[in-house]
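One chain, subunit A, appears in both complexes that follow, with subunit B as partner in the first and subunit C in the second.
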Partner chain A sequence: MSITEQRPVISKLEQQELRRLLAENKRIDGRNPLQYRNISVQLGYVEKAEGSALVELGNTKVLAAVKVGIAVPFADTPNEGILIVNAELVPLASPVFEPGPPSEESISLSRYVDRSIRESKSIDLSSLCIVPGRSVYSLYVDLYILDYDGNLIDASVIASVNALGITKMPKYVVEGQAIKKTDEYFKLDLKDHPVSLTYAFLDDKYVVDPCLSEEYASDFTVSMTVKADDRFCAIQKNGGGMISPRRVIELLERSLELGKELRTVAYRQLAGGNG
Partner chain B sequence: MLRSNEQQQRQRPIVVPGEYVGDSKFHIPGLNVYRLSDRMLATTVGLVRIDGKRVDVVALKSFYQPKVGDLVVGIVKEPGTAGWTVDINSPFLAFLPLSEYPEKRIRLSRDSIGRILEAGTVLVGLIKDASIFSSPVITLKGKGLGVVSNGFLLSITASKVPRLIGKKGSMLSTIEKGANVKLTVGQNGRLIVHSEDLNVVMKVKEVIGMIEKESHVYGLTERVEALLAGRRP
Partner chain C sequence: MGESIALFSEDGKRSDGRGLDELRPIRIKVGVLSNAQGSAYIEQGRNKIIAAVYGPKEALPKHISLPDRCILRCRYHMAPFSTTERKSPAPSRREIELSMVLRNALEPLVMTWLFPRTVIDIFIEVLQADGGTRCAGLTAAVLALADAGIPLKGLVAACAVGKADGKILVDLNDLEDKYGEADMPVAYNPTLDGITLLQMDGIMSKEEVEQALSLAITATQKMHKMQVDALRERFSVQRREV
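After this line comes the complex of A and B, so read on.
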């Protein structure tokens, strides 16, 4: 059974004012329509995790942590490592988040982040194989949404990539039938630094990086993930409404432009970053 | 921010749940305070306020508890059969019965109730009835009450509303004068800025943020005045 969470009632005043301001190319928090909020990244926030990052995008706060282990590979990919992304919408973050099994929103978020990382080929999963068919590295990326003020997708992608960028992988050695953990570590090789850009549509206008009220008042949002080599690896539209092909192409071009800027800001701390 | 010693002392202490706030031989427990034998303890994170014999803990953050006679800013959630449910930023959904809507001639056979007030409509109402047995009832009949069709909606945590209004409305008039704008403040922590100008709204927003964060620090009014005058406090 599908349970789609209801959005809280959004007042008509807010709807009306956001649209009126946007007609003058203004936004409720004083930004330009194509301006991101301030991004702050704290790397290595969780000591016990192999890699972690706390990302603040305005008032939205996301903590990503990577746990590395070894596991039996999936039968269809016997010589590839395992990457699993999980998102936890902590009830503390917003009155609309409830405790309990993962909501549709959280599954949609984690799937999008997963796609951004997997399809950008940021991680060469075949390099994470220890013994084909028997044991491979497993990477669990856990996202904790600590404060919700809109645009979870972009903040989560930035947090995950930053966390993966500093992930230390424990070295395992094969001794006969057994696999032993050594004290040595090596750095996870992150081949790409993808960024996601989310646009919220209000009537025929759109804004990038919507804040909460913009997200609630919007007709729908479109997220796009772009790689460092200007290729797209994920596009998703959330919510109802229609978008013309011409608009999609416009957004793609916009994303290439904004993605470059965003990449330099978001992954500044990752040494040797290709952004 | 560096403050002199004297100013620091005048800052009210912040307590956490279970912390001792006074002796029940000398004081009586007020808001968010309970008594355990002779000791009075806080039930929430907040600031201690002693008013005569009464000791209150003013919560740093709270939801609105409806009280009869409060002015509230509500958002229509859903039209029902005999009225509307209204979101008043509280754990309880309020009810606005048709009889409390000021328009006299409503024929339900002709007018759909959802067309009179649509979901999302912002209204200024008065809490008419609040008890633990039923949902709070609000009314639109009265001076200054009714539907709001223009302005910006902002919010502040409900426990800071008294501070935002100030003694006899002093803080509110300071803000209104400083930003040259009219404000409607609901006891439930929602306020309407009656202005079309984004700069004014941003300024009011900044002031509210300051009141929310620093209402326990000495000299708030001066700092609000400075902020409104464009000086960095």
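After this line comes the complex of A and C, so read on.
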């Protein structure tokens, strides 16, 4: 059962301050409403993973790591590799994260990141088949939220795409019935560089890349993922509240403008990037 | 994806004979269960979905309650026999996400401040699934809330729009959902001009999203009328009984 979330209390004063500033197009951390926080990307942070990236978006820290293995394909897609995205809201990241089975927030986050990667066709899953119906590559993207200061979605998409962008795939050879791992590797072919843009709405105003207090004070957020060719591959409204269709169209335009810049900054280190 | 599946016949009709902006046949009935405070049943194409509402009632354990308003609990669930392959009755990740998305779509409609420290339970059971179940379930759940006499700012009707074979279309069926290029569920209230549910997956350009959105608005306006008619039918029957 999904139950009305109990947000940590943020003081009336802070709420009022956020709104007062926003009325003048200012924000509590000095940004303008359409400005992202600083982004830093550290590629290959975990050596044991075939691909990994530590992303800092302001004070939000997300570590994405890709583990590659082989698996039996799903019955309905015998010729396709398997992609699984999982997000862990690690308790050390925030007092509101609790140990235990995945919360609906973590499920919703990983499903959104999954859609951003899968629907953008960033990975050609049919190229990850080893023996049809029997053996395919499996890509597990594990997201570890290490420090939580808002906007997990955008940071997680950036971390996942960066990690996949440097993923080394172990080569397997088929010897009769057996499939053997070799010492050789090839680079995973990443076909797109999607970015997600998240907007938080406070009354009739909105800000991009909300920090935690903005997220808590907001009525709802809207995330949109844009591909390098300016088409959209995922959209989601999170939280209660209502948005007018006119506003949705405005956000689509904004996302195309802001997406280009964000893509350049977020994937600067990926060689041969198409962003 | 779907090269071998024909989503359109040669005369341009969809696999079930509809035009691009044509909804599937919809049948709605309000007040179908005896125990629930409010309930509603919807058939949309081959979807068969029941929604029930219990509450407002005391929120227990007490720590889940809020001092200034009621809380909502929502469960979207698919029956094991609702799909071609049996679905495990345990809630899947998809059902957990949809329960949250649907709660978020209903919460802005409920005048929650009128019932502090209480809880309203909303149950949506998909008995037969044919694509667009979250939307049909939401259309029914709002009516169950209304049937329970819970004050609402308005109703929302929900409908999936999307893209298949390069064409923008409304109310995707199971086939179009699976093999089409994009799926965008939208819940909309025409009087408040508000969208309470918005999701999209698949690939669409900005222009295509805009076009799909306007199709969704027209479709949900039609469905809104059906919702109002269903409520009228329910309460006019009661008047005769008195």
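Odds and ends about this structure:
Keep in mind that, in the parts below, the second predicted complex is superposed on the first by the 270 of 275 C-alpha atoms of A that agree within 3 Å, B and C clash if a C-alpha of one lies under 4 Å from a C-alpha of the other, contacts with A are read in each partner's own complex, and residues count from 1 in each chain.
One rule holds for everything that comes next: contacts are C-beta pairs under 8 Å (C-beta built on N, C-alpha and C of every residue); 3 or more make two chains touch, one makes a residue touch a chain.
These numbers come from a predicted model, not from an experiment.
With subunit A as the common reference, the superposed partners subunit B and subunit C fit together side by side. Once the two complexes are laid over each other on the shared chain, residue contacts for A:Gly30 go to subunit B alone; subunit C is not touched.
Within the superposed three-chain model, A:Ile130 lies out of touch with both subunit B and subunit C [touch as defined at top].
Shared-chain residue A:Ile179: touches no atom of subunit B or subunit C. Once the two complexes are laid over each other on the shared chain, residue contacts for A:Leu21 go to subunit B alone; subunit C is not touched. Shared-chain residue A:Lys12: touches subunit B; no touch with subunit C.
Across the overlaid pair of complexes, the angle with its corner at the CA centre of subunit A and arms to subunit B and subunit C is 100°, in steps of 10.
In the superposition on chain A, contact of A:Val96 is made with neither subunit B nor subunit C.
When subunit A is checked against subunit B and against subunit C, the one touching more of its residues turns out to be C. Residue contacts after overlaying the shared chain place A:Val265 against neither subunit B nor subunit C.
With chain A fitted onto itself, subunit B and subunit C come no nearer than 5 Å, counting C-alpha atoms only.
For the contact definition in use here, the subunit B contact set and the subunit C contact set of subunit A share no residue.
Touching subunit A in their complex are the following residues of subunit C: 64, 66, 71-75, 93-94, 96-97, 99-104, 107-108, 121, 184, 188-189, 192-206, 209-210, 213-214, 217. Interface of subunit B with subunit A (complex): residues 75-77, 87, 118-122, 148-153, 192, 198, 201-202. Residues 1-4, 6, 102, 104, 107-108, 111, 115, 119-121, 220, 222, 227, 230-245, 248-249, 252-253, 256 of subunit A are the ones touching subunit C in the complex. Across the complex, subunit A meets subunit B through its residues 8-15, 17, 21, 26, 28-30.
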